[in-house]
């Protein structure tokens, strides 16, 4: 019997930082540096982002994705505002109200297949809204997640369609990019095309899941959204005194396209996992695998066996206990994926396909 | 002429992290770990804090001191509450409203010499307050800063007096311990005596200024304050996904009393600075030097010269431009202090005192 | 041709106050009275409510229904809470975010026929909720509207089922009773049965739509919800200095069961309208008419003609312009109803049914 | 012994409404009227205010002074803002945090004699403020109370000085005019001069204390403050459905200058009271009597006796129990004042001065 490599597919948050990020921390730790972002690491980060996005941008590092999202949305919406998002979006389902706490606005859940807002759902919601009617909250922003919570990605024309609809009615477009790198890697487009050239006004750029220890950045494309963000961030306790370390972490990934290299690897591992699970049937994979997450419905025998083997993953709550979320990361090894697949097939008494045939 | 060691006395936030903290980060970076605080580093931190404080405590790591303060105060006060603090406290002067954002409560500035709330001022404020009167905000918390913003410390009996007054009227006592280590090092008492044994209900335990890169902890002594803190923290975007790194930073300092060793060194450097400035006269030192900050009024000639030499420090705004804040840290070297002193005397054309005589 | 009595069916808010309410205002306007609710009219109101609800209750008069709802919900839910309501409820659709402003909590829209929360929808939502999970907002309240926004009423067993489900999971049950009188009149049960005996914890008792000028009351059945309401109300600017006038308005209706007499009349007028519209076919009436609102789909010819005649009513936005909301009130006269019906039939070239046959 | 007319000097909120206000309510109660301010009474009120203030203004009726203040300040200040006010102002001392709840901003108490902000205090506070510094809340508004909480008034040049200072630094000027009529009556200037011509940007116009039952109006002079007020008001539950009644109350006072007639009478009664108390010595009157409030220090014997006689008034809390606030209103009668004075002198065994000599 082959060796088992029990690995964690529980979350990309479970992964450690990359060696390059650790090295950047060590380099940033030389001597004193001005506090609160007036350091050379932050200046360098801003410069790097301007290159990558091919334009001037404002950049505000923070320590969590929830902070990035909530602050970005607070820049887009007023207390009597509405923010449209997918019904399963992190901002509405897993941030304990942070976007509303920061902005005052109400999140409106919209439907759509595979974690993506259906343009028809957004259009219908806007048609129903009482623009200018004092009794109703006012549509002010749309938030899309790229890659989505279920590991899919919006195509550029899908983003553009949402952006056009939003902008035509005066709404801003926010992109929750906790897994932005994974999406860009999959789409094979430039970061500029993936964002402002497709109509995105403000981006939560995620680094934590992609090899950092705790670093995200709000990247502002629409200048009108920038002026108050500094005050909003400080008032929320999200201005780090020794910001150089957060900036250095993010910047480490931006060198030589490492952020995309890491994301590409994670995506590749997700695809490998998907391919390996082919014997369970096409229906076993619940969403197109376009980033670093695989949602699969597997036999109880397989899941129990994998768990006993020491693999880690999240199962959905009853009655969907057989649905698992498998998340890969920059450090997921192909042996781990292959071992997971082999053991799953073994426990389910299925026969694998040879890698050559995939 | 002696060599000049131009150093930054601008802030302890300007200092890098200690080697031990960096080492702890590297150690924490091994393999995967459960996200959101379910990791062994956080568990170890909680255990260590329980030992140090000689009792069970709840511990919530966050990335900034403002977050720690605002969350701790939100646990103490309701939206119609009043929180009493010194008029110069960080919570009221330098957090852009964060404690009110998180709690809804109003901060009430109180006077007192050398950055400490005068017990008479608190007593008078409570006497004026309309307890139970629906037209008035309700007294619910007192926040003291230890060490204070001006580098002084509350003696244990001073804390106890404030705590007794607060508790007698139903208020909670919060301690902003951004420089808690410096205070404990100076007082020479146990952390338990410095806090809950003197009546403190909740503490913002600072590590960032004392050798970490971005790590503070809310330490809860009064169990009634704990239940909602987890939700408050997440809703504010302050629950770090890879919390192991924050916990590891703090825990690094707690080994072998390092946190106090570092703070002691910083304090020692502040005292050395104070002693060196003796030739400027007793009145030149504005507050008792009981932690790692020296507030001095120096001749313009000296300040201009030091600036030209490359020393960094903050001057007060006009009309107090000659008042400087000098902050030392774990890494301030005695040569730097001596060089600062020597150059100050040189520029002011004063003669130094020999170190032997101090 | 019969005389036309063009009347407003636009809203019960368009109706004036009853003579009895005006008389009560005049009576309340004698001499001076203690401010802020320490007057005999408020004391009398509390006594009267205790009689009507057959138990001790706390009563807080306010000037608007939105205030009553938002304050009542703020007593039930914390900032990290979830409040479940029907997708078409006033609290989520027509209060511009007031309940979230006052409580911090998120409103979760639930489906259900005829404006009533489907118990299955609530049950499913609670099953999906992450009780105790720090990443998710916490279920804390359910808000039902009685009578609903579409003129229907919850039967007692429907309320009880929702209450049991809510209470079993620790949620409070709020009833938006902007048209509570209309519902009680229809149900033919006691106010106690209609509320706390069926599990309602807190009620927004509406009087404005039912003959007052500006007076609603928060009625608290669950004592645990009461302590902070006084502070919440004052902090929201909803404690009236000359509260005697608001109390007197409400109390005027509570004498001799007038509030139910008025509501009964409005309901009767709605039923008369419904009966008169029979020739348009059963499908023309969109919801069971159980209070003082009729939702009807009428031919464009009829609507245009009625409008030209001077009748007032709200049409739904496109593409549902033929759907009208017709609201009756304590002062709607049968001639007005009959005239509306006759003209509608006339414009649509339909033949009416004789009143005898109804 | 002369007849005793025991009257209430407790508050102008204790007074009933004027006959003209009651008559206006009755007139407004004819037939149906559009809800939410789309009625002819509100239209007429806006027209009347435009005449009185000699310019176009936006007018938003609300039911309480706290609502008017909190909404007006929310139009002036952002969540990271500072609002300067007198330390004894209603907005900071007696509104349980409403202005902060509505705006998010922090109220900063300033000193000044006789309830008026000292220009030097404001100037010093602005000099200390860190404009543009992200760590500090930002100065955004000044709120002055006219007439003040202690019955004094700002002279036009005092308002202008504050306005100029505020505007020069980008702050807005709000006037809490709960007793605006009393101030205008005393100053003998036009409402326009008393407000926008002296630099006031937004006014809380009080009617409740001056003869109404529950009606105040936000009057907006600076157009930039208007756009969001409609949403802010509705979201706070302060948009009344049957707004015609509130508008009618205010408008009743604006006919034939009645509002100033009523205020003049109240002021006259306050002056008569002051004159009558002359035998207690000049020091007995604590503040210049420039509106309808008298603050007097009277012998315990006098106070106890007056209380036993049935007069109503508020005494200050210990240790100032001998200080009383005496408030007159549109309906205070000269016999009541004279009776109060005579009895006070009687109880204190003092001899009165003849009215001729005053």
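In this document, chain identifiers A, B, C and D correspond to the written order of the chains, with residue numbering beginning at 1 in each.
What we mean here is this: a residue touches a chain if its C-beta (ideal position, glycine included) is under 8 Å from a C-beta of that chain, and two chains touch if they have at least 3 such contacts.
Every value quoted in this text rests on a predicted model; they were computed, and no experiment measured them.
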Pair with more cross-chain C-beta pairs in contact, given C-D and B-C: C-D
Distance-maximising chain from chain B - centres being C-alpha averages: C
Computed distance of Cα centres, chain D from chain B, in Å: 43
Separation of chain C from chain D, taking each centre as the mean of its C-alpha atoms, in whole Å: 35
Length of the line joining the C-alpha centres of chain B and chain C, rounded to whole Å: 53
Two or more partner chains touched - positions in chain B: 36, 79-80, 95-97, 101, 134-135, 231, 234-235, 239
Residues of chain D defined as touching chain C within the complex: 7-8, 10-11, 13-17, 22, 25-26, 28-36, 62-71, 95-98, 101-102, 208-209, 213-214, 231, 234-242, 245-246, 312
Residues of chain C touching chain A in the complex: 79-80, 93-97, 100-101, 104-107, 128, 134-137, 317
In the complex with chain B, residue positions of chain C that touch it: 36, 78-80, 134-135, 138, 228, 230-235, 239
